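Take a look at these structures.
Next come two complexes built around chain A: one with chain B, the other with chain C.
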Partner chain A sequence: MRLSYEGRLVSYEEFLRWLQASKAFATEIVLSRFNIALPSLPTPKSLLLPQREELYHFLWGKREWKVIPLPPASEKVLLLLAPCEAKAVVHVLDEVFLKNAPPDSSYVVRRENLTLLVVGCTFFEATCFCTRVGGHPLSWEGGNCFALPLPFGVYLEGEGPEGRALEPLEKEELEKLVERLAKEALKPLPEKTPEYLYSAFEREVWEEVAWGCLNCGACTFLCPTCFCFDLALEGKLRGAMVRTWDSCMFPKFTLHASSHNPRANPLQRVRQRVLHKFSYFPLRKGKFGCVGCGRCVLACPVNWDIREAVERVVSCAL
Partner chain B sequence: MRCEGTYTPCLLPIEEIIEETRDIKTFRIRRPEDFVYLPGQFAEIFVPGVGEAPFSISSSPTNPTFLEFSIKRIGSVTQALHRLNPGDTIGLRGPYGKGFPLEELLGKNLLFVGGGIGLAPLRSLINYVLSPEHRESFGEVFVLYGARTPGDLVFRWEFPSWEKRKDLTLCLTVDEGDTSWSGRVGLVPNVLQEVFTRSCANWVGIVCGPPIMIKFTIKALREMGFEARRIITTLEMKMKCGLGKCGRCNIGPYYVCQDGPVFSYEMLVTMPEEY
Partner chain C sequence: MTLREGARKLLEEKSVQGVLGYKRGSLPFRTRPYLFRNPQEVEELVFTPFCGTNLARYLLRLPGDFGKVAVVAKGCDSRALTVLVREHQLKRENLYILGVHCPGMVDWRKLAQWKDLKESEVAFEEGTILIRGVPHPLSSFLEASCKRCRYRSPLEYDILLGAEASPFPFEDHLAALWRLPKEKRWEFFAQELSRCIRCYACRNACPMCYCKECFAESHKPLFIHPSPTLRDNFVFHLGRAMHLAGRCVECGACERACPLGIPIATLFLAVAEIVREHFAFEAGASVEAPAPFVTYREDDPNAFIL
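Now for the complex of A and B:
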């Protein structure tokens, strides 16, 4: 959803009061968009797909095995998040865990408990590239409400507190902001990017592209769209089936019991990460699996940059 | 099959265990009423206290009373399975994946080529085709099955019932014979070209076995004139969820657990060679 200009204006005091009062139906208010450097705080991904989750318990008792399904632990959450993060939820996580049948039973419960308050961005960070992958700093697609912090108050659309209409001068300010953002926006990737990348699967350029990457997996953990997980059993006579985050950067991710490994070398794993987001997912779902939030770029210990990787390979395939 | 929670298995006792070879056993469990599946599909088997792994179903869905899984001892879950006895409990969730394209096979002659434990998923379809209710819908059936040694051939207890049928040709081969073996000796792809001398018109080749055997069998079939769309194989990848969510079994944009495990060769050639 794009800005309609038909929204309303509330003061910062009113807005904060509403957020606090919202605790009546939301037990937590989480400021996720300022949470790039603090992974211990919840992100949309960790709220919907906890880093560690017990799916069911099993135990041996009275000479028989029992399996006890666990209802997912979930609370109502009003989540403030950036447009790119909202897009990660709606375009990628919902696609995999809700729409791809059968839906994931614990995701369904958590998703229903989540209210998305999209906070628009008024500037681009150096690492931002949402506009390159079809996003927009003022889009609130899939969100329940939209807030934009402006110098003279908070502009709101969708659910939320009552407010007043914008004065003509205020509307002008808002239009100026939209104009400035449009000017600063990056050129979208070519429409055929998924096809170009797929056709370049065998190209030698991947050796250069993958060379610097340590395969540490930090990017995949911070990524709001990376959803791969592991299922592993904990305990012998009693325990749990535990779901944890996993990463395509790790060699054991695809290791067969026979010791055969289809993605045994680092190049194959880097290629998998880039192609999954920019080729495989788009070819299946018609949209990029990357939202351009730039967290992976910011967090990489060796400054490996997925933007450059995509550009390199696409330019090779053209 | 319905269980509370997407990944929760239903617990069932093992009814019977058949020792196939020194490292392969067939596990027979009672088929839950709502377990509706097609030949070629697979299921996740849970061993309490150990873990979970995906296995193709080796029994035919035309058998209403039990399910069979033929399992080679190779990793931690399969080792634990091999230590179990009849009456012990395992968990089951599934069925998952797409089975063999039955509609495309209607009226066709079927050439099955299996290697080692690779006969397991083929056996589900073979017995489906041989069942009285479906036999007339398919043409001739030719089965070529090979293993490393005579002791590595699975389902030997079932072969007499196949051999005595007039509507099925069974041809066995081993890479390396022994004193007990009076049958054919030779690698499956080579033997295939010797024994299958008919015109390939209206035949579909269905192949499963170790990757190297699949590769050379497909090459042989192509040389014999089989079209790419008339060659079908079923693949293996590391899997966890079975539902296209955990993200590890993809070959290019396709998830083996959801889009496969059965693929036509026509499809396979469009996919990256990363399996």
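Now for the complex of A and C:
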């Protein structure tokens, strides 16, 4: 869903008043760009798939196990997020936890309670590459409402407070912004990128590509689309089954009970991260598993850049 | 001789298989480790105040039969190399240490408040950093571990290149923390560690963390749960602090690596400080000084035992 120009304009004060009426959060990306006093979240993932979630409690008593299921704790939340992050929710997380059968019961509850207010971007940062993976700085696909902070007020589409229509001059201003963004936007990746990458699995270039990576989980944990999790018991005779984030960068991620590890070396793990987002997921679901927010690029301690990795391997496979 | 000339000479003479150094990253001010294998690549070798990654870490990952490798080393890198050689993780004869004088490492995150700042808009002069022509004191941009650095120039090297960098004031952020009562210190760490997501970037960037299996990820026995609760975060970081006692080279690589900006090096620097005080020992500062915890002496004063 792109900007229709049919939206309405409200003043900042009115917009903020409307925000205050509901329990609102904003992601770090939104807060780094706009000065809004709201509690921050690293990514929408931390709300929908919390890093620590107790699924049930258990205890051993009277010679039998007692299992106490825990209903997911959730409340109605309005989340201000960037277009790329909204795409991460709708294209990836929903796809995995909602559209698969059976859907993830606690995700369903949290997702239903979540209203997505997509805040459009007026510029690209050095780490941004949404347009390379099919996104757009002004898209609000899957969101409930769209807000674009402009010098003369907040432009709104979808749910939200009433406002007035745009004046011709303001509309012109908006069109200019759209034009500028189109000019600055990076070109999309080649259409056959998933196939190219798939066919490049055995290429030697991976060795060079994977070289600098420290194999920590900073990128995967701060990624809005990385959804892999681990189930781990806490306690022995009484305790909890806890769901927590896991990372394909960790050596134990694929360790089998037999002690065999199909991804024992760092190269294989780096390749998995790239291919899952840019090849396996798109080949199965028809869209990239990466939304181009650039958080992994920023978070990486050694500036290992997934954009370069994909380009490098694709250029080898062409 | 400049660093590039030195590196190129080594590669041309084929006296090393590769030169481990830094090259420019994909974002302004960021650099990344790189293993230069042929002399043509050396043009890309850089050494700037943004080369904080401890390269000793990368030597541990080279294949065992790699042969001789040259490594660009600041003071802290050279200390890490010395410890790793003493711990038999590296062979000194397989290393050629290209020593460089460290100008002090700048925290690139502190430059984020200047929107769209380009590398060409930042310059360094005697103790100041010029940002878009405006001078600021360099020390307010340095990493915490660099401000209290005692060995900016390498202690162990095969060749020392470049000019000595200008001095900056010694500033110990630990002193203020030591003065706080125990409860307040606990509160400080509890607050910081409650943010930890246990991505293990600190551990993986640390040149001294080379265990094949980290206790934090051990399943049998299970020391800590994989989910980041404050309790288990404490166990992880304190466990690392204990493992690093008498081994931490105070490079601050852990803190630089943290994607959340937790001042985690504080913990390890404090432990290094205690070791310095009680054992008059600094890890990697000397090739011969007996290392605490692996040296037995009958006349040990044992002053630290309550």
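Here is the rule we go by: the second predicted complex is superposed on the first by the 298 of 318 C-alpha atoms of A that agree within 3 Å, B and C clash if a C-alpha of one lies under 4 Å from a C-alpha of the other, contacts with A are read in each partner's own complex, and residues count from 1 in each chain.
What we mean here is this: a residue touches a chain if its C-beta (ideal position, glycine included) is under 8 Å from a C-beta of that chain, and two chains touch if they have at least 3 such contacts.
Since the model is a prediction, treat every value here as computed from it, not as a measurement.
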Consider chain A as the common anchor and indicate whether chain B and chain C clash or fit when overlaid.
fit
Using the touch definition from the top, say if A:58 reaches chain B (first), chain C (second), both or neither.
first
Where does A:211 make contact in the superposed view: on chain B (first), on chain C (second), on both, or on neither?
second
Looking at A:222 after the superposition, I want to know if it touches chain B, chain C, both of them or none. Which is it: first, second, both, neither?
second
Touched partner set for A:246, first chain B, second chain C, both or neither
both
When the two structures are overlaid on chain A, which partner does A:191 contact: first (chain B), second (chain C), both, or neither?
neither
Is A:232 touching anything from chain B or chain C once the two structures are fitted on A? First, second, both or neither.
both
When the two structures are overlaid on chain A, which partner does A:298 contact: first (chain B), second (chain C), both, or neither?
second
Who wins on chain A residues touched, chain B or chain C?
B
So in the superposed three-chain picture, is A:6 touching just chain B, just chain C, both, or none of them (first/second/both/neither)?
neither
Quick check on the superposed model: minimum Cα to Cα separation from chain B to chain C, whole Å please.
8
Set of chain A residues, in rising order, touched by both chain B and chain C
230, 232, 246
Chain C residues within the chain A interface of the complex:
25-28, 30-35, 53, 57-58, 61, 197-201, 203-205, 217, 219, 225-229, 256-259
How about chain A: which of its residues touch chain C in the complex?
51-52, 126-127, 211-212, 214-218, 220-222, 230, 232, 234, 242, 244-247, 250-252, 266, 297-305, 307-308
Chain B to chain A touching residues, read off their complex:
3-11, 46, 48-53, 74-78, 89, 91, 211, 236-238, 240-241, 243-253, 258, 272, 274-275
Inside the complex, what are the residues of chain A that reach chain B?
55-56, 58, 60, 64-67, 69-70, 96-97, 100, 102-106, 198, 201-202, 227-233, 235-237, 239, 241, 243, 246, 248, 253-258, 260, 262-263, 268, 272, 275-276, 279-281, 283-284
